[in-house]
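Have a look at this one.
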Amino acid sequence: MVKEPSQEHIKIPIAMSRPYRWATGRYLGKLYKEARDNKKLVTNRCPKCKELLWPPRPVCGRCKVEAGEDWVEMSDKGTVIQYTYLVYPLWDPHVGDRVAEDYPNATILLDGGVYLVHKLEEKDPEKLKAGMRVQAVWKEEERGQGLNDILYFGTIEQ
Amino acid sequence: MANRVAIVGVGQTYHKSKRPDVSQPEMVNEAVRAALADAQLSMKDIESVFVGNMETFEGIYLPDHGLADEAGLFMKPGFKVATGGSSGGSAVVEGSNFVASGLFRTALVIGFEKQDAGDTTGAISAATTPVWGKGMARGALGEFAKQASTYMKQSGATEEHAAMVRLKADRGACRNPYAHLRLGLESVEEILKSGYLMWPLRLLDFCPQSSGACAVILAAEEEARKITNKPVWIADHITVHQEPFRAGTFGDPTGLETYSEDVAATKLYKRNGISNPRKDIDMAETYEPSNWQEMMLYEYYHFCEKNEGWKLIEKGITEIEGEFPVNPSGGVIATNPIGATPVIRVAECALQIRGDAGEHQVTRDVKTAVATALGGPNWTVMVLLRRFL
Amino acid sequence: MAEKLEELESFVIPGKIDIPNTYFAGLAGSRFLIELRDNRRIMGIKCPACNWVYVPPRSTCKVCFSKLEDWVEVSDKGTLLTCAIAYQPSPVQPVEPPIAYGIVHLDGADSGFVHLLGEVDFNHLRIGMRVQAVFKEERAGSILDIKYFKPLD
Amino acid sequence: MAERVAIVAAAQTKYHLNRADAEEGELAFEAIKPVLQETGLTYADDGNGIDSSVTCSQDFWDGKTISSTSVMSYVGAHLSTEDKVAEDSINAVYCAFGQILSGHHDIVLVVSHCKESQGDKSIIENTAFDPIFMRLLGFDFITAAALQAKRYMYEYGITAEQCAKVAVKNRGNAKNNPFAQEPMDITVEDVLNSKMLVDPIRLLDTKPTSDGACAMILARENKARKLTSKPVWIKGMSNCYEGHYLGDRDLAECDALVSAARRAYDMAGITAPLKEIDVAEISEEYSYQELLWMEGLGFCGRGEAGKLIDAGVTQMGGQLPVNPSGGMLSGNPTVVAGMARVAEAVLQLRGEAGDRQVQGASVALAHGVTGICGQHQCVMILSNK
């Protein structure tokens, strides 16, 4: 075991943000376009297993085959499978700060059959439950950010 | 045709949140020196070096290059692997492959993370990019919280069971001088009093952010027998990756998918004649970032039936003195220097097989042990170790 | 939904990865930087086996893997081993370009010391020239406590 | 070596300044699809399919922790073996070579990708420098390379003209390579008159920003023979780390390359590299590096590479053509560059290099480099016999 010496420990803080220009590519770009222009969620379907891919992409990772362009429009309604809420603000590397997002974070099964992670409008832990029905609440402005064109998922009646 | 490979030396630093006293290369150097001392070798006996580390955690591009002057890479062949949390396990696998291949007689495998240099949750959240999942990431915490909530519902496990896992881990950690969190916890109630980080995960339910390093030295059979009279053989290893089709970052939050752990265990056991893991294997060190995860891993690795993981802890089966000890070192929930973590699992299994684990040596005579690693989205590495070939 | 894939657009999303880091200088680095800051001294460390003086110091000899503890002070003067002049701006530069960089063989050391060069006519920069460290007045315990190396007349 | 390993297929994307139209996986798939089609392979661990994938990418360039997740779907990773090597991609080929020789895998897919266009080169490279002693000085790779170029030129009397000749030769060669990004008809004067970036390195001494991907499949001998009539055998391969702190290194030398080359040559039984090797693909991110690396590879004595370029030894038709592809200078992304060298060597040994074919090539060398001033070097000897 190494003993800790008592000398002063010099530290060098470096805060260098790294800028990026990430591309969606054409398949995910299709989802972006439909979300931006029509507030719609679309994806493509695997020709082999017939499952919807998510996000849309040119291959099915499960069947390991090319997926092609069997595009499908999905409902923006779904069911909450799991949720959790944040108690402690966590560092968001894309923001560059601690973010105390006060919306619960949920895994949602869309009626089309794909899972996505998003925020829930309902903040009251007492009212949160797995199985609750939700629907996307779309941004009215500045769309073009894919799933972030959805503000959050609001609770809907059964 | 392939050479048989043995672990002939292991070494680790003590693990803490912060190591302000040492630079990153100096910290890694401690583990390398410890492994060399354990093997009674010098650096010139080392023919190759394989490194596991996740660069985003420290914000260092090509971090292995920065170690070259002080951690033994200078003028040696080797490379770095980065497979998320399993990086250290992958480094052991590649080191083992290169020795087995006959390309090198010895290999030094290094895993390290100096998490005092950055923000771990931030680095894990950066596993998503803004084009898919911006602002939705909650580090590993969010994933494990969701898995815990599902597991609770599906299996009937309770928060008390999770607390019992935590208590077991702490008992092990307190007997392991290198462990990070050595809390001296005394009761389940004490754990249930700790606050929620992210429901249902409590502060004491989740692993710490540790800074530390671990090194193991591998040697081909002929060399190994010269170096030590207690070689620990790498009988087999397997790596399986899993794609998160159901929006998980680690596996599948819905529990509906086949897990990489399940595939890895099935194949590894089959080709090594293991039909009853809890009988044919003597102990395990797993990569369990939360106590909830440990109960799930019991199931994924076939140590018990589905939804019965909590029964193992309830019956004390996985305690140090138990029938099938798991994580006698205190495990990942006590110590998690990410890149080093899977290497520590392998090193701890080797110590148990040698009978050199000191105060946390398990009661059962360990002839066979399995060390596992977990990386995102759900990377599984399993290393099967044996006292006899 | 009949568009051809080639007609679909790819969206480019600008963003960043922003996670601040803190690096501990460690055993050898801390003492080196403290000496720079407090005493304007440049310290090296000597390998007992290789008889080699490293500047900046480190805790282990890269060649023989000996532990290094034998501190020696080296001169703030030395000989230029190589140099380069960066003309184009980049976000990582500590001062405005053009910037001259050099590796200096300090008197008493066996390795080169990497730093900036200043107070120098770029046309007169040449390998083998004698240079001396210029310290900043305000020093913080950083490699930048040395402002640059300037030519000795 | 008890058993032989072959490359049975290799493919590259065309290299491009900016592939904003594709995300990383889509880009990689442009290289993966042809190797799957050529071999007819699918993913299976029954001895007849791809049973392991080794990917190579850098989290700092992808802007993403665990960057291999970008290509996971495209390399059949789901419930299969995948590993990621974080160096230049030639080391991913090395990793796959070790996996097969170890007996653990039979047929391995190796894939690398990088989109330099999406990140900031200076900032990313700066983070590779030791944070205590070098990073704050504002280094990036070209600044460090300029220190190396200056020292190398001083020590051995290498001239700016000789370095410029490398740039002219490689960009000219690129005209025969359909994958090359920047084929150019330029003269030594054009290079010497191009913008000074970091003295002594000028714009045309450097490579352009580049996006692209490369894929190949390795197989053990008994499988390889079934998969292709033109296997290219790995005869020798090794790599090596140099030290990190630039001041410690004699930048006019490249000891790590000498060491890696020695082991690769020993394995391949090569004693006179210039005579025994028919074509070399060398990773030259800056023009001086082709000369320095040629010395490290033992093609000539120390300081004599300038004479080789003057004498035309390394041009097409010379005794040892170097970089018939146009090399890195004609546009390869970092990370991918080493595998691009291997892919080009494979084309040469299969006689499929088109207008850049070196006639009768039977032994090729591929070289990859990672890090600052060539801190990590990898050498590979391939043959069609």
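Going by the order they are written in, the chains are A, B, C and D; count residues from 1 in each one.
As a convention for this text, a residue touches a chain if its C-beta (ideal position, glycine included) is under 8 Å from a C-beta of that chain, and two chains touch if they have at least 3 such contacts.
Because the structure is a prediction, the values reported are computed rather than measured.
J.: Which two chains have the most contacts between them?
T.: Answer by contact count: the chains B-D.
J.: Could you put a whole-Å number on the gap between the CA centroids of chain A and chain B?
T.: Here the centre of chain B sits 29 Å away from the centre of chain A.
J.: Between chain B and chain C, what is the separation of their C-alpha centroids in Å?
T.: Here chain B and chain C have centroids separated by 36 Å.
J.: So what's the Cα centroid distance for chain B and chain D, whole Å?
T.: So the centroids are 33 Å from each other.
J.: Please tell me the distance, in whole Å, between the geometric centres of chain A and chain C computed from their C-alpha atoms.
T.: A distance of 42 Å separates the two centres.
J.: Pull out every residue in chain C that's touching 2 or more other chains.
T.: 10-13, 15, 17, 19-27, 29, 33, 58, 62, 91-92, 142
J.: Going by the contact rule already set, what residues in chain B reach two or more other chains?
T.: 20-23, 56, 59, 68-69, 74, 119, 122-123, 126, 129-131, 134, 243
J.: Which positions in chain A are in touch with at least two other chains?
T.: Residues 5, 9, 11-12, 14, 16, 18-28, 61-62, 91, 93-95, 145-146 of chain A touch two or more partner chains.
J.: Just say which it is for the chain contacts: an open line, a closed ring, a star, complete, or other.
T.: Per interface graph, the chains form a complete graph.
J.: Okay, in this complex, where on chain D does chain B touch?
T.: By the definition above, chain D touches chain B via 1-3, 23, 45, 52, 58-60, 62-66, 68-69, 72-73, 77-87, 91, 94-95, 97-104, 124-125, 127-128, 130-132, 238-245, 248, 255-256, 259-260, 263, 370-372, 375-376.
J.: Which bits of chain D are touching chain C when the two form their complex?
T.: Where chain D meets chain C, its residues are 20-23, 63, 120, 122-123, 126, 131-140, 143, 146-151, 154, 196-201, 243, 245-248, 251.
J.: Which residues of chain A touch chain D once you look at their complex with the stated criterion?
T.: Touching chain D from chain A are residues 12, 14, 16, 18-28, 57-62, 64, 66.
J.: Sort out for me which residues of chain B touch chain C in the complex.
T.: Of all residues in chain B, those touching chain C are 19-27, 29, 42-44, 56, 58-59, 68-72, 74, 114, 116-119, 122-123, 126, 129-131, 134.
J.: For the complex, which residues does chain B have touching chain A?
T.: 13-14, 20-22, 30, 59, 119, 121-123, 125-126, 129-139, 141-142, 145-146, 149-150, 153, 177, 195-200, 243, 245-248, 253-254
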